[in-house]
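Here chain A shows up in two complexes: once beside chain B, once beside chain C.
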Partner chain A sequence: MRKNKALIVCFIAPTVLCLLAMYVYPVCRTVLMSFFHVESLTADVSAWSFNGVENYAKIFHNAGFLISMRNFLLIWLVGGAITLAISLLMAVILTSGIRLQGFFRAAIYLPNIVSAVALATMWVQYIFNYDYGLLNNLLTMLGLEKFRWLGTDAKFWAMLAAYIFGSVGYYMLIYISGIEGIPTDLYEAATIDGAKKVKQFFSITLPLLKGIIKTTITFWSINATTFYLWSKLFSPVQTESSTIVPVVYLYDTVFGGKGVVTRDAGAGAAVGVVLTLIIIAVYLITSVTLKSNDLEY
Partner chain B sequence: MKKLLTMVLALVMLCTLCLTASAEEPVTVNFWSMWNSGEPQATVIEEAAAAYEAETGVHVSIEWKGRDINTLLSAALESGESIDIFEDDYNRIGQVYAPYTYDLTEMAEAAGYADNSYAVFNNQAIAWAGYLNSITEQPQVGGVFYDKDAFAKAGIEAEPTTWAEFLDVCAKLKEAGIAPLAQDGAYTNFSFYYHLVRYLGEDAIAELRDNGGWAQSEGAVKAAQDIIDLVNAGYLVDGAPDEYPSSQNKIGTGEAAMVVCANYVTSEINAIFGELNWGLFNYPAVDGGAEPTAAYAGANSLAISSYSEHPQEAFDFLMFLVTGEYDQKMADTAAQIPADPHNTAPASLTGTVETLVAADKPMTWCGALNTHEAWATMKSMFTELFEGKYASGEDFCAAMDALY
Partner chain C sequence: MKRTRSKINWGRELRFIPGYLVVGGYVVFTAVMLFWILGASLSTAREIFQGKVLEFSSGFHFENYVTAWQAQNVSVFFGNSLLYSITSCAGVLLIAAPAAYVLNRWRFIGSRVIRYGLVIAMSVPAIMIIMPLYTMAVKWGLKGRILLIVLYIFLRVPYTAIYLTDFFATLSRSYEEAAAIDGCSPSKTFWVIMLPLIQPAVITVTIFNFLSVWNEFFMALIFTSSESMTPVGVGLLQLVNSMKYSGNYGALFAAVIIVFLPTFILYLFMSRRIISGVTAGGIKG
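Right after this comes the complex of A and B.
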């Protein structure tokens, strides 16, 4: 069949134009902006003044940004390890043929269909609350002193615990779909050969889930990088160092905060570029270290 | 005959066109509001717009943009979006949006606005922008808000004016079984800043922000030590500094008596617990302090865009809204301080109008510190101060110096 080039162009053009206007242009403008002093996000290009890598130097010397990066790394590394490990464990248990697995799947996934705002409010007001929160009630019942779960020392970990609770179900479903795609013959053969469940997990399930694990690490990295809502909900009035993350720092830098009128869209753009580079780096590292194509089934 | 008919018809058409063209289009003023539809403020603005249209024929088209209006306004004003009136913190209007704001000086003079507003806000707006560029809509004032019934129960008859008197009041309240002070973590920066201002004044604090030297500043050390002593004396309510609004709510439950905040704390607590018998006194002065009386004053204000095609109509609507009947309605409905000092504040805000009328220069919301690059860390350190993490004022100030 002869290709009708004009028709192909007509079909592709709207998508390409939308892609250029909505993705490529903002990305190029942000990267460019990160090398200029720009006060307002929408300032005309004629109002920009070139300042080389000063925006990058500024953010990497800024205590607020460095704390936000530390918090981000903890969310990514500690939160990621706990979330993905629990999700995988739940997925393995729920695909092992236990009773009521449908109920447990739904129950564990439930936090994902509840609004994050409602979920965070529940944690802040009903679980971590100093006076009548669930955790302090438990401590009181055990005869222990109440603990300030949302004090400066514990707030970050309280926020992370709540976030992990809300995330496990999502990653569990991804792992379940991956495990269910593994042929049962492999497990049957392993069972006949005398392999125990733990051995089967490390020798069959885990190697064959490499591709899925790579995907979940990438998803988690993106979610950790764009972490914003939970930080805002745990610090509703003003940004705090215990909950600040790079996107919140970016927001405050670009738009100012309570009583703060200074704005720096150039530095905000530099933060955006750094976050993008982090996601790309994580993706490349996981692609290199977790090659999924060496196993076929 | 045909020619005549053609000419007559052409004439009729011409006349019709001329008449249509000369008929005046009703003026529409576009208003971007920082409130959300359904909020008390929004309800009053809608009523005022309807009444203004009935009286003048000018239609006010309102878009409810919510509290994040600051993320939209710069882009909208820079791109010349069709906005006549917009609403935000007067701090941002005076400094961020100033190039896109209309000079209201002449219209304000003609309307006698100075007599129906607070000089403290007008002077500050002029200091920032170089001309009057905003009209105060929702004034705010800070200080120590307290439950008069709790004071009466503890036998306290006079409001404290000095830190020593304040500590006496705290002791009496504690004896009466009422925790003296509520303190949420979200406002520890405001509370400590207030105390610091009493010792040093905002200019000296700005010097500390820029150059450090907290440990060498006698006032800073004393201010931190006062807070440590306050905490050690057990004058904070149980759980404080708590997660907003848990601690301030304890005034509503009768567990605590006082809170350092701006006036909106009263309406927030009233909304949950019903009308309390509120009182307000200025933050106490300290011995040898540089700034014994300054009070926090802030405002959400209204401005007219510099490119508005209907500035006079927009200004007239603003006067309609922030003075007289509708301002009183706003004060009553939204439980806020009236923008027009001739109006009456709700009972829970008694004394606030007089405080604002008497003020000449406002204390800012941590304005001398909040531009420091480690501001987020400083705020957490202020919370730690109220958590009792520092052994002495010297320790705290040394930790502050370590940020430089």
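Right after this comes the complex of A and C.
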């Protein structure tokens, strides 16, 4: 052990440095900053002035932030329900003995592999395009009128639909690994007892997937709170209230954007802390309500 | 259970029709989208707007790719992304692999804290760290490509270290004992014997690191201060924004294909490994 002391120190030191410099120090500083009036990120600490929960009060009285929070809640709740339901459905289909499973898994996971900027560009410039887009072509073919998918009213839902489409594959793979972990003799016994597939799903698959569902809810919450790229690509030049999300609001407040008069790094930090607290809360709530199955199998 | 290739039992397949429709519909939609983008990248803007993308009445316009690559700087973005991905994949291994080894082989003061720290760091949202990192970068005068490389390395260290720790656990200690008897130093034992033994895990984790650095967007957007250090994601966004003025849609779709291809090709060859890796690292109920 003594001989290995030098080795341990040398091998672990860079990682410890990384943890401290990239995570511990920045997180502490962000939390601290959220309680101070800090105008610019480059301002010296001596120029910070303590103002308690003023930053939090400020953002919760700001119309832009409140709209961004509403959009976030819709993404989290509606998008989450749809994404997790579709991915669970696909996972069940792809573990039911269907042919070409490997191909379907790979094809459905594909959007997670490619650059999200490229993917979002495909949706904005092709699928939702007014003049030559796929959806409007379908509408024309059916003899219907073209629709402005990226108009103010529909834009948010168009964005969410595109995002869901790209996310499904990831959660599907997690559910598949969960379902494949359930012993097949449970299903065989159920089949012998005459339980239909639907019944088997609700009384075997779903209860035994509790732990996995908890994991996917936590992952979805993290992804929904840090939702940024899709909003940026659906409103690339100017932030719009139809697609604004908290991270976009944070970016505009801290780094400046259209319509931001004074930069406010303290308020930005407060946004970050609020979002992190949401993630922690979701994690704790799902941990308590969805107690991992103590069932032995 | 071993799967045997049986003759298609049509009666049995019939029950799966709704299932085929769901997953098949999804795949067909993706395929239509990709083929259209490919077609558009070889068409003129006029053909795109007339809805004649897959007819190629004026031939294949490969010059769209030349325009995108040269005139619109995609070559610069591409080179940068390649540089960031490759150097940070190497750097992250140099830092995380030794740490993973030590964390698996020895208990020492703080080893538990470091392990938990790494797991928590994996789910720390970027917005919590980005502001102080920006301050630090400005204060220490760090800028240019090296800044993004360092950030990407540090961004991937927690995941890589945790992923590899589990794999070192599968190696017997007899390797080290034998090496020690032969007079091999512990450090050399690690680099020459232990690390090569977990090569499959190293390859998988490196693929994931490569994909995530190639596709990273948020940090790149904040820390990119000049055209010469812009990676593909941010570069493509700039192209889309300027397209309103230049109107060269063929070149835009060519740029989309260029950004799309590297990870897509990697996926074609590695999909099995990638798919099994998604759920291997750290996902537990």
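The rule we apply is simple: the second predicted complex is superposed on the first by the 271 of 297 C-alpha atoms of A that agree within 3 Å, B and C clash if a C-alpha of one lies under 4 Å from a C-alpha of the other, contacts with A are read in each partner's own complex, and residues count from 1 in each chain.
Quick note on the criterion: contacts are C-beta pairs under 8 Å (C-beta built on N, C-alpha and C of every residue); 3 or more make two chains touch, one makes a residue touch a chain.
Small disclaimer: the values here were computed from a predicted structure and weren't measured.
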Practice prompt. After aligning the two structures on chain A, examine chain B and chain C and state clash or fit.
Written response: clash
Worksheet item: What is the contact status of A:41 with respect to chain B (first) and chain C (second): first, second, both, or neither?
Response: both
Worksheet item: Which partner does A:141 reach: the first (chain B), the second (chain C), both, or neither?
Response: neither
Fill in: chain B versus chain C as contact partner of A:12, first or second or both or neither
second
Practice prompt. Report for A:4: first if it touches chain B alone, second if chain C alone, otherwise both or neither.
Written response: second
Worksheet item: So, A:232: does it touch chain B (first), chain C (second), both, or neither?
Response: second
Discussion item. Contact-wise, after the overlay, does A:198 reach chain B, chain C, both or neither (first, second, both, neither)?
Written reply: neither
Practice prompt. Using the touch definition from the top, say if A:126 reaches chain B (first), chain C (second), both or neither.
Written response: second
Worksheet item: Of chain B and chain C, which one touches more residues of chain A?
Response: C
Discussion item. Per the contact definition in the header, classify A:63: touching chain B only (first), chain C only (second), both, or neither.
Written reply: first
Practice prompt. Applying the touch criterion given at the start, work out whether A:288 contacts chain B, chain C, both or neither, answering first, second, both or neither.
Written response: neither
Response to the item:
Re chain B stretches 75-83, 93-101 or 147-155: the one overlapping chain C is 75-83
Item to complete: Return the residues of chain A at which the contacts from chain B and from chain C coincide.
Response: 41-42, 124, 131, 236-237, 255
Worksheet, complete the sentence: As the complex stands, chain A meets chain B at residues 40-44, 61-64, 67, 124, 128-131, 146, 148, 150-152, 235-242, 244, 255-263
Discussion item. Looking at the complex, which residues from chain C come into contact with chain A?
Written reply: 1, 8, 13, 16, 19-20, 22-24, 26-27, 30, 32-34, 36-37, 40, 48-51, 53, 94-96, 98-99, 101-103, 106, 108, 114, 117-118, 120-121, 123-136, 138-139, 151, 153-155, 157-158, 161, 186-187, 190, 211, 214-215, 217-218, 221-222, 232-234, 236-237, 240-241, 249, 252-253, 256, 259-260, 263-264, 266-267, 271-272, 274-275, 278-279, 283-285
Worksheet item: In the complex formed with chain A, which residues of chain B make contact?
Response: 70-71, 74-75, 78-79, 91-92, 95-96, 185-187, 189, 238-239, 241-244, 246, 298, 364-367, 370-371, 373-377, 379-380, 383-384, 387, 389, 403
Practice prompt. Sort out for me which residues of chain A touch chain C in the complex.
Written response: 1, 3-4, 7-8, 10-12, 14-16, 18-19, 21-27, 29-30, 33, 41-42, 89-90, 93-94, 96-99, 102, 104-111, 113-118, 121-122, 124-127, 131-132, 134, 137, 168, 170, 173-174, 176-178, 184, 210-212, 214-215, 222, 225-226, 228-229, 232-233, 236-237, 247, 250-251, 254-255, 265, 268-269, 271-273, 275-276, 279, 292-293
